[in-house]
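Here it is: the structure, laid out below.
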């Protein structure tokens, strides 16, 4: 199948803002030091040029198809359908199998595409940040395959953790730089990568989600939307119409917008983004920017909803390293503010139990991130109780990186 | 794409033998205790019945397409093509991306299909053996998804090793049974699983390769050949003709026959099976049944080439747990004996260096098993030196299970 | 049938014929006296050559037949108990030719007429050489051979049966409760010159207790196809009471795992050689009284 | 231009006007005497409120202007040295309102007329409230504001510039060697009521040594678009020699990382309060002599 071409259906204004006309809230923008201005301009101009360059697009399509493997199936899940009440009560539940990509999540698409763009623009090196090396691994793989150097910035505390994807990033030849600022976790690592971008003119920064200063949120969702473009067509072929609901997890929002983007302007499906409620919203230990009452803030070059601790950005807490982010991408925050996307939350415990259920009953080792969305989806689908509906859940990654954590959980459950 | 239907082009005789007419050598058969006779009959009859049952085949096809994800791409590898000398010297090198399956190797296809057959035949439980839990994980995933119980037999020494696929098998709910016989490794584990099959009439044995008593070698290659059937059609669509050469690794032979089967009766491509030479054939520490001069023997219910140590089966040595087998499947041994398949060997060190090269230069974390075939293929393709050729390498799995081992190797290399 | 065999093989000399008749006579004679024969199984060379020889010598006092297992490291049908015995034997350097040597020495040193039956897998035979194997059986005076994984359709089995039959050596097949009548019928055909081995349950040796129900059923089926083929029963026989119960239906009872377990126990308590042999002997005495 | 500003903001009272003039006068007067102004940077509240106050008080003796950083934990443009200072300040409970309080107290206690410039990111301002921020600047007598991540196109910058201008408070933009002339021209426009900040290289504060080549080039470009806007130069200035070299081209030199490093050194050696302040003081004395 050819990848349906990209169509811009939700452009930001020329300054990079999505504006909620009713509230006046502005999402996005480019909040950066003057020193970063030329770098961002080079990336932005390059991105728009590349998106019009047929040769670039054709090569990218071939690489995505055969190197990343984006033509993943949609699986009709009898197990989940039955779990939610059965076809006669709730309709059918489908899983989009993004776990089957090279490097096993949605991240490799935008990581690869951004690195390909970097090469196209003549950059020799990539800078990126990572938490649990999910983005780190995806970028490292892309850089190795494209012959680019790579520095991965990681919080010193995160770097201490054992992680298979960390080792894999090293095997790909990436240089791993520990960041000792602030919470020594993802947020300062991202800030450090942006700072490095300000020092190394021959390097291009690649971000791990639909966040950061323009053009990053736009660029990442445009590249990542390959998933949604394929899915939309696949689902129509399979079921005959668009899904009634679409559920995706939301850390920074790349995973959500990757699949939901092509549906932004249509009435159907109902869009649900699921955040990690950590130990529970009330405990304060969570990663729910929307569900936990995040406020407008400006961080890492963008304006969006942010979890704040006074004037500083608050730390987020979640068992899912991929959801450990105190803000969300500006476009997703905008889509929420205009009411197109509903937000749900799942606690860590619920997600872990869902992981076990998926392993035991479905034969799938899902990324823990995906388990937040599966749990919330089943709950919501049960509520909707409509046998004529078709539900689509984004199974956004496979769970090898979570195995050690889940073995502990299994032992404790016994 | 629909999976091209199975056609029997290389049937064994009614007693389960492939006979080399020139030498009189017989491969296959059913060498088992009388107690196993009824069980094997039930499986054999069931298998032939299922292969004629349109409903069974249709369901299986859907599951393979959307649960296992068998429609993986063929990737034109610029990196390997250049490494081998460039298009102008050696033609083009393609990789069949079997690493993109659920559970990341070719094993899940036959594992899932056999378990599906077990369910179809009314068995409640599966018995299987495993070395490094590659087969164990594949069967565990299938059993979880199909609602079957599972006992995995594993040599006590193998069980001690840390292995992510072992943990994953446990997460899928499999019972893991340690075998303390003999070398406490794969071979006695396989014998133990067959013995269990003799004790539990409600359980069906599932084998990890194209080995064991009939109908297992036949059944596994028939199911696994899904890969080859898809590949043959894909390659024709992509390149316009069949490949000139086809390279696949060979432990027990399931991986080789999975992709090579549909080409058995045609002149093209030249078929190459690659074995592990361990520390080098001359050291005696290797896993090359053919390359290491294995003799005809009878083990685990079949007659085939075997590495012997006096009257006993010899232990094999290799860094690749998936190739740690002292024999090869009877059909592959037969194909070799009639000259249709050439055998090559790669040492552990060469394979490990290839792993590093693939990670660094290709951005892929390949199963170590796949690295044996990549190394041997490049070497052979360089020798052939024919710019009009198209080469196909079976990238049979992804290398997460090898990461710890390879990190050690990388550190020592420094 | 035996007569026909004897006739067909009459050119094979008296020695073999006598042996087979002896074994046959033994079963029948003891049956007349309402006594079943007792067959003791050990892995030859367990725990090592010397001790095994002493054990077998001791066994000739209590067993009407000795079944000697040939150790094989990839056995597909033995219980863990016997697998361990195989491991012990292999570790001590045991193989096919030493097995023949061992039995030969036992026979010579005890001057016993206790018949020996070999239990083995095909691979050791193939590696040793089929023809050589048959010759060695003949030379050593082996009375019968059980090949666990020789299936009815394999060319090897046909070849071996022919060879053994020519030398007037018995070929013994195992049947189990789940085998079809057709399979049982064919098996009996292959055992024409010896006896048939019934397993009392579906499973591994030593894993459960003998199942008399199954034995009765199987004997009935066997008798449907052969009035007089001797029947041995094994699997799960551990006590003298069980021996007596089974003997009501069988010409012979086979005890394996229980004896092998005793060897393990003795070995673990530091017994070797004669010491170990008398330990096994006193156990067999109790078992067979 | 300053006059125009003063006029437009004439209703804003004398206090602010005087301050701005003072700052402006300062630069010009010292320039006349071939003396450039020295701007010292510290993170306010580093290592804690009390010590920071003593340090700032001490700084009034050696600095013509004090640049006080508002700590922010997700800074996207500070060197690791300054990030650490931010961490120390945040840990000790520093925030925007305490920064105003601190500066207010320094001013009162020293009765100094040394102007203060705030360096901050947008987020702390937004959370504090933009209007409230402007009011507090006015109340505290802040002379100028640098907002690192306020971009030319953001509505926040426009809003803040307007507010500050009305209160006659300077707004300072940073430009660097890689910025386009167009960007520099727009930046100058935004700095009309204050001065423009030139970074001597492309990178982070304190990461390299000052690059005079770049400074000369940038000064030239700035002068193309404004004959008289005061120019401050920062990034990589660590020695009195470098201060003198840069002063040939600039109205002011800014030293940040080097001072902050000294604070770290002092703190690590157990110095706090006045003790730490005199330690910094003697360093500044050498640096500025």
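Labels for the chains are A, B, C and D, by order of writing; each one numbers its residues from 1.
Going forward, a contact is a pair of C-beta atoms (placed from the backbone, for glycine too) under 8 Å apart; a residue touches a chain by one contact, two chains touch by 3 or more.
As the structure is a computational prediction, the values presented were derived from the model and not from experiment.
Farthest chain from subunit B, judged by C-alpha centroids: D. One finds 35 Å separating the Cα centroids of subunit A and subunit B. Distance from the subunit B centre to the subunit C centre is 38 Å, each centre being the mean of its Cα atoms. One finds 68 Å separating the Cα centroids of subunit B and subunit D.
Counting only residues that touch two or more partner chains, subunit A has none.
Across the assembly, subunit D contributes no residue in contact with two or more other chains.
If each chain is drawn as a node and touching chains are joined, the picture is a simple open line. Here the touching chains pair up as A-B, A-D, B-C.
The touching residues of subunit C, when paired with subunit B in their complex, are 70, 72-80, 83-84, 86-87, 90, 95-96, 121-124, 126-128, 148-151, 153-156, 173-176, 178-180, 183, 187, 199, 202-204, 207.
Residues 15-16, 26, 29-39, 180-183, 187-188, 191, 194-195, 198-199, 201, 295-301, 303, 306, 308, 310-313 of subunit A touch subunit D in their complex. Partner subunit A is touched in their complex by these residues of subunit B: 62, 65-67, 69, 71-76, 79, 97, 99-102, 140-147, 164, 167-168, 170-173, 356, 359-365, 400, 403-404, 406-407, 410.
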